[in-house]
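Think of it as A, B, C, D, E and F in the order they're written, each chain with its own count starting at 1.
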Amino acid sequence: MVYISKQVHFSAAHKLYNPAWSREKNEEVFGACANENWHGHNFELIVTVKGEPDPDTGFVMNFKELKRIIEDCILEKVDHKNLNVDVPFLKDRITSCENLVVSFWKILQPEIAVVSNNRAALHKLKLFETPTSYAEYSGEKLS
Amino acid sequence: MVYISKQVHFSAAHKLYNPAWSREKNEEVFGACANENWHGHNFELIVTVKGEPDPDTGFVMNFKELKRIIEDCILEKVDHKNLNVDVPFLKDRITSCENLVVSFWKILQPEIAVVSNNRAALHKLKLFETPTSYAEYSGEKLS
Amino acid sequence: MVYISKQVHFSAAHKLYNPAWSREKNEEVFGACANENWHGHNFELIVTVKGEPDPDTGFVMNFKELKRIIEDCILEKVDHKNLNVDVPFLKDRITSCENLVVSFWKILQPEIAVVSNNRAALHKLKLFETPTSYAEYSGEKLS
Amino acid sequence: MVYISKQVHFSAAHKLYNPAWSREKNEEVFGACANENWHGHNFELIVTVKGEPDPDTGFVMNFKELKRIIEDCILEKVDHKNLNVDVPFLKDRITSCENLVVSFWKILQPEIAVVSNNRAALHKLKLFETPTSYAEYSGEKLS
Amino acid sequence: MVYISKQVHFSAAHKLYNPAWSREKNEEVFGACANENWHGHNFELIVTVKGEPDPDTGFVMNFKELKRIIEDCILEKVDHKNLNVDVPFLKDRITSCENLVVSFWKILQPEIAVVSNNRAALHKLKLFETPTSYAEYSGEKLS
Amino acid sequence: MVYISKQVHFSAAHKLYNPAWSREKNEEVFGACANENWHGHNFELIVTVKGEPDPDTGFVMNFKELKRIIEDCILEKVDHKNLNVDVPFLKDRITSCENLVVSFWKILQPEIAVVSNNRAALHKLKLFETPTSYAEYSGEKLS
């Protein structure tokens, strides 16, 4: 197995807010991230795919094709958006870095399997919310 | 003259929107940046101060003091905020990177003069809106 | 499992020196790193914690809480210090990047288990000694 | 086990081209990367070695020795070269990022075992072709 | 005046070679950079434009428009190309970082003046040939 | 004029300490930086030289030659050293980032003039003490 990774970025607004809680409880738990008027980030997403290089191309997957998949499936829906309001697949989810990366996995994993005819598989997602904070997910079952 | 610089970061939401224009005109001019539900960025701000090093300390200004001034005057007011809604000194301004950097200058320039007893002077502000887009201002008169 | 990581930095002095050896032998093995008058680095430490996101918060662990733990347990003791002289838990250890990362693990692993009520676990430490040299440790048994 | 990593860089020209195909087919599959007059990159290579720290030195392997091995075995042969023309061990290979990283593994893996007397082992290679595109290999069997 | 900057990247092959000299003289002066089979780089180009922010938009120039100009005038002609062979405006020039940045200036300076109706002016170009080597030019007369 | 810049790094120990003051006064002014047992940094130094490109080479100065000068004049004397103890030209100076950059200027400025036969001149030094704190100097007269 060889692993290839492509990094992309998007800019979005969000807030961390549990609607089952009072405003005070949200501020206590999430601090400034609960600001009702929103804040935002430049997110950096690194998508890692694994597979055997095709002998004809030397590619696990063409970097350009991998980028196009990420653009069509993820960036189109989250770039310059409000993650809590504008993104159907995040409705009713707390938009923490952890939940984002799991939601992106559910979309990218089947798409990469289909597009590559199962020659390649999504291996890991790494999502930077700030230059010093990030979450990673590799598809492990969550209860 | 020696120049010292301190870099800080903040995360904020904003939109580019001219209230004198229709929604359609705003979208035509500002594109995705006009999204009414907001988007956001991790901003990086580099503050450059000039002066002669104090012979007793070797400092133009103590980096820690410079950082404290930036935190008190700027970060406290913009970090984890909505720049269009939450920040009094940006009210009625289009929150472009250019306007932000000029607004920050007006606050930091007198503060650094006062705190340093005019031994140091603000020289330049550099504000990254994304890792590949930034604005700079050095106090030149604007019409 | 989802993995979250927080990066912090500290500045410290050290030298690589085995007291059981002569000065000549130390210089032969460690080269310039054995300079008896010390040298130093800006270290970058990335702490990775794994767990299931809490359904109420979307967090494996709050990034702010993780940062506070690292500051209290590690940075407080090593930042702006001499690693060979000022740090009790490094006494009698060669302060190589490898030994530092293992020593940090022994402190952070139980603390994160306790603070999180075993909902989260330390997964990996990555310590940059220079921008191009780093060591990683995930708790594998060492003989 | 502790893991240590050293990053090095080199600049090289290449093209992606399958000689069994027509020029048109190459351009269709590889796009601009098939330009017959070549293009090039600043490659960044991160070499990760694992082992137990030597109690006398605190080292899995001396960073300086690791760097020297990479320079002698890899950089000497690829830096400021044309990867398709000047590098014997890449002859008749498509110089994709995936194939490069596998070829480098075959050279570095035995060398590190020998030089370290099997105290250390090559664990992973990570090769950046651009700042946002990279391939990784850890020696998994390829068919 | 406010200054805005946009960073873009391109990948290209080149060699440093003075055709008036012998091969030996070229190798003596340019070293490995004279390799007749070419080498290459990931170049990073930062374009800085100055002007007064338009009161209606807050923009010196729209970052997206600035990016489009750079793509049309420069990237289209140099990305994934051989700078010595494929680029008409570099014919008969030594493709040093210094000469590249001056050649790019001659193309971008009039274009930015025209597109902006002289509201904005090219102020500086900064071209990284490697992460640690770059050239800058601001249009000073050259003899 | 075209400007070329080369970035190099070095690792060193230091403390900020004014010997004319008591230990208490030093700690009050310099804080943790006054730790008598030293601390240290990975410094990054960017050296900018200006001149007209030589028509025969396209070079203001060969990057390799510029690097060699910096290595011989600066790095040899400060890398893996204690700046307060091991460096003759810093004796009796407070080793602040500001003082370091002025001291380096005094060494590099005449050397670059001589080596280049006055075809090139030192234009600016930029010294990072941490990734977010730096000082710059361009040779302005200091009282």
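Going forward, a residue touches a chain if its C-beta (ideal position, glycine included) is under 8 Å from a C-beta of that chain, and two chains touch if they have at least 3 such contacts.
On a predicted model such as this, the values are computed, not experimentally measured, just so you know.
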item	value
Copies subunit E and subunit F touch via same or different residues, half shared test	different
Reference interface A-B: repeating pair among C-F, A-D or E-F with over half of contacts shared	C-F
Chain centre separation in whole Å, for subunit C relative to subunit B (CA means)	34
Geometric centre distance via CA averages, subunit F-subunit B, whole Å	29
Two or more partner chains touched - positions in subunit B	131
Pairwise touch network: line, ring, star, complete, or other	other
Subunit F residues within the subunit B interface of the complex	16, 18, 20, 29-31, 93-99, 101-102, 129, 131-138, 140, 142-143
Residues of subunit A defined as touching subunit D within the complex	1-8, 48, 52-53, 56-60, 62-64
Residue ranges of subunit E touching subunit D (in the complex, touch as defined)	9, 11-14, 32-33, 35, 37-42, 79-82, 85-86, 130-131
